[in-house]
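The letters A, B, C and D name the chains in turn, as written, and every chain counts its residues from 1.
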């Protein structure tokens, strides 16, 4: 017996929506239904995502809750603040996956501080590899979920890079520093001058410096789940001239009381944390992740070392922001919610060079 | 019943070999066997192609004909001049696919002029979409082949771009001009100074200018198959700062006797030529191909227009040099030779942005 | 005695205006006066051109003809169609340099066909190296000019690449083919989706294909000045992932009657044409121009070869679109009009890698 | 009266040597003499640095100490470990500028740990803006120097970014974290696979992770000069797809005892430190440095903020690695040693976009 699930995507003309469709086309049990958008309604998908040849002639419909409700799965690829109202009109038994930020944060206070306005509520957090120090495994939560909030792309990169050290009690989460090299697709299709190719080529450009980035509280939330008490994180994203990819360099001091850590022992903590994972891999000793290694794939690559002179652990993690960081992570969580094998339809190999 | 074919790849550490493996991993009927190389023997595949996580621990063996001969299919991903000697030691009933140049040219004289030395012989030409004005369809030839020569990547781009006009008698093949924007992976992993990132970033750099490129006679051979008499082609490749992709701009005058051509009629000739093709698509009117549209896919995109003021037709075609231009085209031809559906395991959708 | 000239720039926040200012800062006899713009009035120059540290605190004024008229030189860095009205309000004895298209074309019919509306008139053409088969040298015209129209950047690249062959009667201008690799700064700061970094990185993207580009009639005008009768040009620009630079590959058949051409003789025609030029250089035999070689400089590099098999000459030329293609060419012409040494303040060496 | 100084450059074919020549060509008092190299002797400079048109025909001589000794100034643009032997053969009264690492470190132990072998000695450190808590100003030292060691490019970026906080006693230097986005020209012309364009495009790639980079002890040396006691630095460089530029993100905790710091007060410490500097500028509030802003210039741009939630100061600094990070810094120091105005011949404005 084979079960096929219909999927509607709202916000189909953006990068997140397009990437979800790219992966859904490769998924054996997902059938792509309505594609909707607001400004782009009436145009073909080929005008927005000409690389998706199989869907190029499909016409984008105006977003309408009743139309979306005809599907087993509804994917919201919308700017933050706009998912809540639509989600409220969708049937309880449909699975709704939000690629945006609205339902990620558990703390209403964090929401108000970083996003402003009223907290739209918290959904099951779509990071199956999230380590939980207590309570249900994240996979169990997702298996029962009908509402899934897909993590922020930078959040996924940093969380996967550093959480094994938190869970193992090796690092001190109260003074983390993360600096990320990020590709431009993460900024979406907004027409802003700093996102023009002429400005971006030949430049490395930091933004949201000094603790203002909205992904900061979400990382704290994840690391607390993994066992951290107080989390303090200095977080700086740097746009670099590539389209896809996030390379996160996260450093941390050893946990109070630890005088040092053996290289093998340190690596073992990361390897143990991920040895059962299909999509998170600790590279062989001496090899460091690059974004090219994961381009187009749902893989996260991680490596870790202890710099005794500096007194800091450095963990480097690489993901494709649109796959593991957004649409791939979404499908992985969706697979769980649908009772399908978690890895179904998801590429583990990247496209390089 | 399901048939699975074992495949060995020699030259596995290079880009062409790596891309064949990436696609073979997605192919339901190919089973990857021995990976061999000379200089890289003893290393793991993960050292050369860290994006191919599923094969990362596999150890590369020294190239040995007897070992290769254990497989149903042997892929030669070797520099030109080196495929012939190995091919001669392989069993007749094995299918051998040469990603290199050794067995593409029919004319021994062309071989000697452009490559030097003795002509290694001619194999079935691995471009299923090649239009043949007379004799067997190219697909029929490939279906019977045990030896397949995969076309040069630039050759595929230009041939697919312009052959409908030749076959339809619309253009004059005696004065073609092709200028190509090409990505750096086409140059392989050779350690040459002009291929360094520091030199390549921010630069457009022509090479093999003035009629010296080895792909020129091969394009002539293809267009003669499509019905051209004398083919004369000015061919200039320009390296531009991208890793993958070829964008070929090919212009031609109208065939002698034609005074003009109606835009719809012109486009119809291209559309008709490719309407049955899965991997070659004429874009909707007004949309022009870019390399981003085909990145990672086996798709070739084409568009054509007539510039009455200039008196020239301009055809633009885009492919991923490593997929449709090399490893994807190889698998497409191999599918035919194996009696499998031609498109099996091949992506029609690209990875963008 | 030293003479210093005051310069106002209107449209100071755009790329052309910014580049003019960059070069003017290095010019010993130009003193930067009012910087004006419309939408950007009231902001500092540092918000638009943070690389121009010396002018960063300068406040942009609203554009006002009377204010501009206080200067010896007024530079118009405006979209086409907007220079004419302002120019009409400026004093006759001021030197006005238009970096836009309004006053380049001699033919009102060409203007109407390619730009639409009424022809704003023709100013002295700011390409000192333009070869004129008859009448005054271009430099003499510029020396007397009070109104200067700076050529289009693509026009400069193609004209300098091919005009020696036209002037020497070697090539046939009735069937030219030019394909250009162009950087994104040529498209200005327009907020259009195809100009976003996420779209541009990893892509080669043609535009204005099929004879619609506005630079086509201007190239014809130049080549006719050099002695061509009928000029027919197939012209295709391809955006490639770099910020600056144009690499033009222009091919042409031999002039009717010429059976062939000796390589040395061919090259000599180009060398002779430019041997007195400071900013146009024919590279040594065997070396081909790249855009990196001319980045940041006012130099145009050219190379030429005859491909006997194809029956076509191929000329490759490289310029920095913002320097020799716009602001550098402007200063060169302005120097002539001011009675200064033509090369004053202009860099001949590029910034590479 | 005008004094002109002759300059020889050994290692003229590399990027550092080429950039020194680019700047020397713009310098009013430097006259370029012998250009020497080993492997490249007998070739023209145009084969290595075709962007330096003014020197293109110059023939590179074999490196010979006697020939070098004919000049007022000798610039060593050589791999580390090779400057020492040549320097020993040069006259005491010549000014020798080492662009390599041999003479930067004061500590022989550091040299042996990070570079291996015997310490080649310590020369005057070529960073005029180095803050010295005690003793002579760095400028005074350079004014008397006959031997100058130019700092490492990453060292300059990090030192300029963070030293004001050290000198002002605001930050705690015992737990610094620096992550740098660096362009490929910093890696020189070494023919290594990871430096190929095909590998570099679309990738962010860390290297020397975990405390092994040779620039680490040099940064410590500088910050101790500025008043730090113990310096501990986690340092991770990330190669990103650009040719030039370093963007350093350096974070630090507040000095022990400081509970917090006012934003204005913090910025004032940086502004005060650099208010007299021509080549180091603190950007206006709210504007953050990018590498595009300093491309081609001798400018370092800096910005700083305090992230109270994270408890860390973050300082971002941008330089062009070949200019302020190498050849521009060299000329600045050389100007001091020659008794010329420090800024002579050095560009403060960059080349963008």
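One rule holds for everything that comes next: a residue touches a chain if its C-beta (ideal position, glycine included) is under 8 Å from a C-beta of that chain, and two chains touch if they have at least 3 such contacts.
Keep in mind that this is a model prediction, so the values were computed, not measured.
J.: I want to compare two interfaces, A-C and A-D. Which one has more contacting C-beta pairs?
T.: A-D
J.: Which chain has its C-alpha centroid at the greatest distance from the C-alpha centroid of chain B?
T.: With centres defined by C-alpha atoms, farthest from chain B sits D.
J.: With chain centres defined as C-alpha means, what is the inter-centre distance between chain A and chain D in Å?
T.: About 38 Å, centre to centre.
J.: Taking the mean of the CA coordinates per chain, how far is chain A from chain C in Å?
T.: 46
J.: Out of chain A, which residues touch more than one other chain, so two or more?
T.: Where chain A meets two or more other chains at a single residue, that happens at 15, 184-185, 198-199, 201-202, 241-244, 290, 292, 295, 353.
J.: Would you pull the chain B residues touching chain D in the complex into a rising list?
T.: It is residues 15, 183-185, 187-189, 191-193, 195-202, 241-243 of chain B that touch chain D.
J.: What residues of chain D sit close enough to touch chain C in their complex?
T.: Spelled out, the residues of chain D in touch with chain C are 15, 18, 22, 25-26, 44, 46-47, 49-54, 56, 184-185, 201-202, 243-244, 281, 283-284, 287, 290, 292-297, 299, 301, 347-353.
J.: Report the residues of chain B in contact with chain C in the complex, numbered from low to high.
T.: By the definition above, chain B touches chain C via 175-177, 179, 181, 198-199, 201-207, 209-211, 216, 232-236, 238, 240-245, 247, 249, 251, 253, 288-292, 295, 303, 305-312, 314, 316, 318, 353.
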